[in-house]
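A short worksheet on the structure shown next.
For clarity, chains are labelled A, B, C and D in written order, and residue numbers in each chain start from 1.
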Amino acid sequence: MNTVLNLADLEALAEQSLDAATFAYYAGGANDEVTLRENEAAWSRHRLRPRVMVDVSEVDASTTLLGTPVATPVGVAPAALNGLAHPDGEVATAGEAARAGVLFTTSTLSSRSMEDLAGLDGPRWFQLYTHHDRAITADLVARAAATGHRALVVTADRPVFGRREREIRAGFRWPSALGYGNFAPYADEHDMAAITAGLHGSLLTWEELDWLRGLTDLPLVLKGVLTGEDAAAACDHGVAGVWVSNHGGRQLDRTPATVDVLTEVVDAVAGRAEVYLDGGVRRGTDVMVALALGARAVFVGRPWLFALATGGREGLAHALALLHAEVEAAMALLGAPSVAHVRRAHLR
Amino acid sequence: MNTVLNLADLEALAEQSLDAATFAYYAGGANDEVTLRENEAAWSRHRLRPRVMVDVSEVDASTTLLGTPVATPVGVAPAALNGLAHPDGEVATAGEAARAGVLFTTSTLSSRSMEDLAGLDGPRWFQLYTHHDRAITADLVARAAATGHRALVVTADRPVFGRREREIRAGFRWPSALGYGNFAPYADEHDMAAITAGLHGSLLTWEELDWLRGLTDLPLVLKGVLTGEDAAAACDHGVAGVWVSNHGGRQLDRTPATVDVLTEVVDAVAGRAEVYLDGGVRRGTDVMVALALGARAVFVGRPWLFALATGGREGLAHALALLHAEVEAAMALLGAPSVAHVRRAHLR
Amino acid sequence: MNTVLNLADLEALAEQSLDAATFAYYAGGANDEVTLRENEAAWSRHRLRPRVMVDVSEVDASTTLLGTPVATPVGVAPAALNGLAHPDGEVATAGEAARAGVLFTTSTLSSRSMEDLAGLDGPRWFQLYTHHDRAITADLVARAAATGHRALVVTADRPVFGRREREIRAGFRWPSALGYGNFAPYADEHDMAAITAGLHGSLLTWEELDWLRGLTDLPLVLKGVLTGEDAAAACDHGVAGVWVSNHGGRQLDRTPATVDVLTEVVDAVAGRAEVYLDGGVRRGTDVMVALALGARAVFVGRPWLFALATGGREGLAHALALLHAEVEAAMALLGAPSVAHVRRAHLR
Amino acid sequence: MNTVLNLADLEALAEQSLDAATFAYYAGGANDEVTLRENEAAWSRHRLRPRVMVDVSEVDASTTLLGTPVATPVGVAPAALNGLAHPDGEVATAGEAARAGVLFTTSTLSSRSMEDLAGLDGPRWFQLYTHHDRAITADLVARAAATGHRALVVTADRPVFGRREREIRAGFRWPSALGYGNFAPYADEHDMAAITAGLHGSLLTWEELDWLRGLTDLPLVLKGVLTGEDAAAACDHGVAGVWVSNHGGRQLDRTPATVDVLTEVVDAVAGRAEVYLDGGVRRGTDVMVALALGARAVFVGRPWLFALATGGREGLAHALALLHAEVEAAMALLGAPSVAHVRRAHLR
């Protein structure tokens, strides 16, 4: 992995090594991909205000997320079908995250089942697509708790599937339902498609969130929030975390870059929950911007898959280490020996 | 039409299949085409604020325009000479619009006569260029009413012809006067040119609009309005609709993108009339922006002609269906089950 | 001249037909040419607000400049050495301007002498570079009055020569002093260089302007003003006109586009003098912007020379007619039957 | 050096004549080089307001820096390892600066020792990286005073090394410790690496600055300040100068262009110290912007090295003269006969 100096390098490498359809599936976004591009571009519009003459001989990037200690305020965002990037799928991804002390979020649509990850000892959350059949939803939740996940990340921004034209042009075909490890318990091969089809969230309402909260002791995180109004409502409905996301630009095109709504969400939450964010984070300086604006952590998705696809587990470990080093260097150069030192005044 | 995934695809296809002069006529704008480009570009500067946790299992895009039910808030803008795109001309365009429940606007300068469309049962308005000879104008109005048009769209922004340099460079030649189906009743071939030459609107004033209003029971819509002052004046003169347009960037270059003046017009109209808009609408998300800013409907022009030219009636039906599906998906992703739910707060 | 549809076309043609050094001299600007590009680009950032339902069956672009009737609010800016573009030099340029009723400004550094233009009956002003030897300045002024010039345009923005790197790279060589028609009376070939070297304005102060005002009955116009402070001072010193200019981007790079300071100057002048402007005017819509912001007229330079160089007198006449037609069309489309109708409210 | 018309020309020439790794070392910046590019780009966003009718027959660019007379408000910024550009290293650079009356700043990491420069009679400051071993720091300070340096420029923005990916990709290798002329007194070859490794500033705090102030009579300048808070603190700690710098974009990427924080720093300093700036200065007009915003002087780095590398001492002299001529011309064209005349009102 000598030529990989930063996360951006990985996308170009992955485009060469993955088949075109899989790359389009991973890399693409909805419609014109305005939001996909904006997510990345918006970070570089922010300018940092480094403070000098601070003792930064010791820099510590560790923090806690809903009480769980993690080595870094950068987590692994949920992503479907890691098996397309590596034969071990999420076992590889979650395994390397665990070794690095990085929070891993298991996708409902993972290639491998959550039970396959149960033996790993790193911090882990479960991303939940609710099912129209509440019995299936309830079972997924119970299994997530039983397999060591410490929070439930409920995805709110997929009432219908986003239309990713790049994917269509490249001829990407979703795997048969058997490719989704978490759904084997509910059906045989013949009705699997119907079961996964029931996962879109057109019926997901605040009432269903209340039902979920009554169902489990796991803290709830609402993912896919882009407005202060919904962030406040989520807090009113008892969430422990609000996750700012536009689904990596894969759902509604022309939503703002996530960083552009972070302040609005942080203000609306007003300390009642932790605030997270995903979307275009590629640099340690991006992480600094998010922390300065009030996020407790950020999540990264595609780059880890690109690293896994092009360099295997070692490639992923290298990528995790690269970003961690960038975070620490940015802290030192900002004059912030700990994440708690990163404040709004570090931004213009 | 496999490769057509969105309306923008149609322009490139049309450029390949139409002769260069006809393409330049359809696609071009005035002078440097600043306004032509701005019309499209301005939409993508808007950012949407999707609301989550809303039941969108049923999404309904239907609405009414001046009381007429339509399947969608997206109509067919008036365009001259559809016969250059398809042998059946407006009979094809209006016919497919009718099948889709889409409002069609017949141009004064249509290839086919309005009488040829009389048998179609879809909703239909008539776009009027007033003639210096008021007897001809009056007859056009009477025929429009007799052929099933439910409103009169008076074009205000063509006091002189816009200069489209792209058209000139490509050598586009306007058809002989016989090519305009609506003018056969008034003359034989030898004085047709003089008759169509009388159509420019250098004499069209508010006084003439008052005269028109007295002439017919059809509601009047004033098309080509770009200022709050003129929108308010139009309401004072009794129009039922104000249509924000810069003639697709074909008249005065350097006018604003239509979406950039929509708020000004909506505020000036203050509920006294319905407000419509055309100009660069290509995506379902564009439609959301327009509705959020207070438009009751938008109109699309060139893409339907490109679809007709490259795919015939089937191509046009496909294009109408594509945009309709985009509108419904955008509504679901915004958390708006009906068009009435789309509000200003859905925009940043 | 079939392919010349607008003034911008002329620059490309001229680049082909002129030798590289002469083209660089005409087309280039100071240093990085930031101001050169901005002068043109700034116009297209303005957006026009056309008013509809106005009778524009008669459009009249004529106006008066310091009391002199002209056919159009667009004049010919002073430019040195028209002889490089056409063997007849300023006799050709001024001659075609006169035929079109367009105000011509004779340059101190014209190829042909001002006496050579005396027989033309078009409106004409004289651009003055003051000489360190006031006797020479005084004689130039007396000759200007005697040869039919109706105002003195004093250039204020050349205390030192701007450095035009494009010119240097192209190897442009200024002609010997004999090439400047107005200086033959003062010297023989051997000391001409010294005389023209005395023309830079490092000593030109308000005191010298007062001296000039006492020297002649011709009204004074101060050219090269870019600030409200200097515009107000010019009025205090009795000028009849303030000419906003950055010398076509040929003197100090990084000055604003002239249109960007027009409002500041108009406000400072407060009606005490007429305000003119040059810099990047290429379109009839540019002229509308300038008039709407309070300019009485604009001046165009390079395009006339490019027209002369590529099409001779006929080419220049065509170019003058093209812009005139654009001005009239823009007025009609704005709803302004006369130049007095163009107001601030026509701009966003 | 015929083709070198401005400082920007030098970079392209240097890219051709230096080996790729050395060029990457000189020219590159941290990470994505956002700040590197911004430093240059930000200058050209400023617009100058030239005043006319001012006597500028005599223009004088000289000034004083901490009381030392200099010919120009443009100094030579500290840069490590001039020996990579020229066999004589800093002896050449400082020598040409002295001949031009330009202030030279000797780098702690110079190729040649400060004693090698002691015989030159031009104005000279010493840039100090503090060492973890305060005895070494104290000795460096004492030697700087003894070798004719008149101020100590303490670099504050290198607590850790910036990561310059361009350098890594090009395979740049830092010289062995013996390549740093100032460190020969402290060690033999075998432990030199350890000594230079002790130079990063992770322990540099205000307390250490106070210790430095007690150590020497030389005035202190704090370099690497980008915030008003740190500028004010520096004044509170008795510095004589505050030097706005982001280390040429080589440390923390995404810091603002230096000119973008100049006003903030000038306001915070409030006259208690002189304010300097480096970062992307390439044109005389850049210098005008900095002076207008309140800087007493600016410093230029890379271009001098590129000049030295491509043209030797003569090339450097030419480059120094070019920028000096640009400064004088810009002053004349602004209407500012002395640097004291350049005021905030010369900027829009």
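Note that in this section a residue touches a chain if its C-beta (ideal position, glycine included) is under 8 Å from a C-beta of that chain, and two chains touch if they have at least 3 such contacts.
Quantities reported herein were computed from a predicted structural model and do not represent experimental measurements.
Colleague: What's the fewest number of moves from chain B to chain D, given that each move must go to a chain touching the current one?
Modeller: 2
Colleague: Please give the intersection of the contact partners of chain C with those of chain D.
Modeller: Expected: no chain.
Colleague: Quick check: superposing chain A onto chain D on C-alpha atoms, how many degrees is the rotation, to the nearest 5?
Modeller: 90
Colleague: Would you kindly state whether over half or under half of the residue numbers at the chain A/chain B interface are used by both copies, giving same or different?
Modeller: different
Colleague: Could you put a whole-Å number on the gap between the CA centroids of chain B and chain C?
Modeller: 43
Colleague: Averaged over CA atoms, how far is the centre of chain A from the centre of chain C? Could you give it in whole Å?
Modeller: One centre to the other, that is 61 Å.
Colleague: Scan chain C for residues touching two or more other chains and write them down.
Modeller: none
Colleague: For the complex, which residues does chain B have touching chain A?
Modeller: 5-6, 44, 46-57, 283, 285, 326, 329-330, 332-335, 345, 348
Colleague: Write out the stretch or stretches of chain D touching chain A in their complex.
Modeller: 31-32, 34, 156-157, 159-160, 162-163, 165, 168-169, 202-206, 208-209, 222, 224-227, 229-230, 233, 251-256, 260-261
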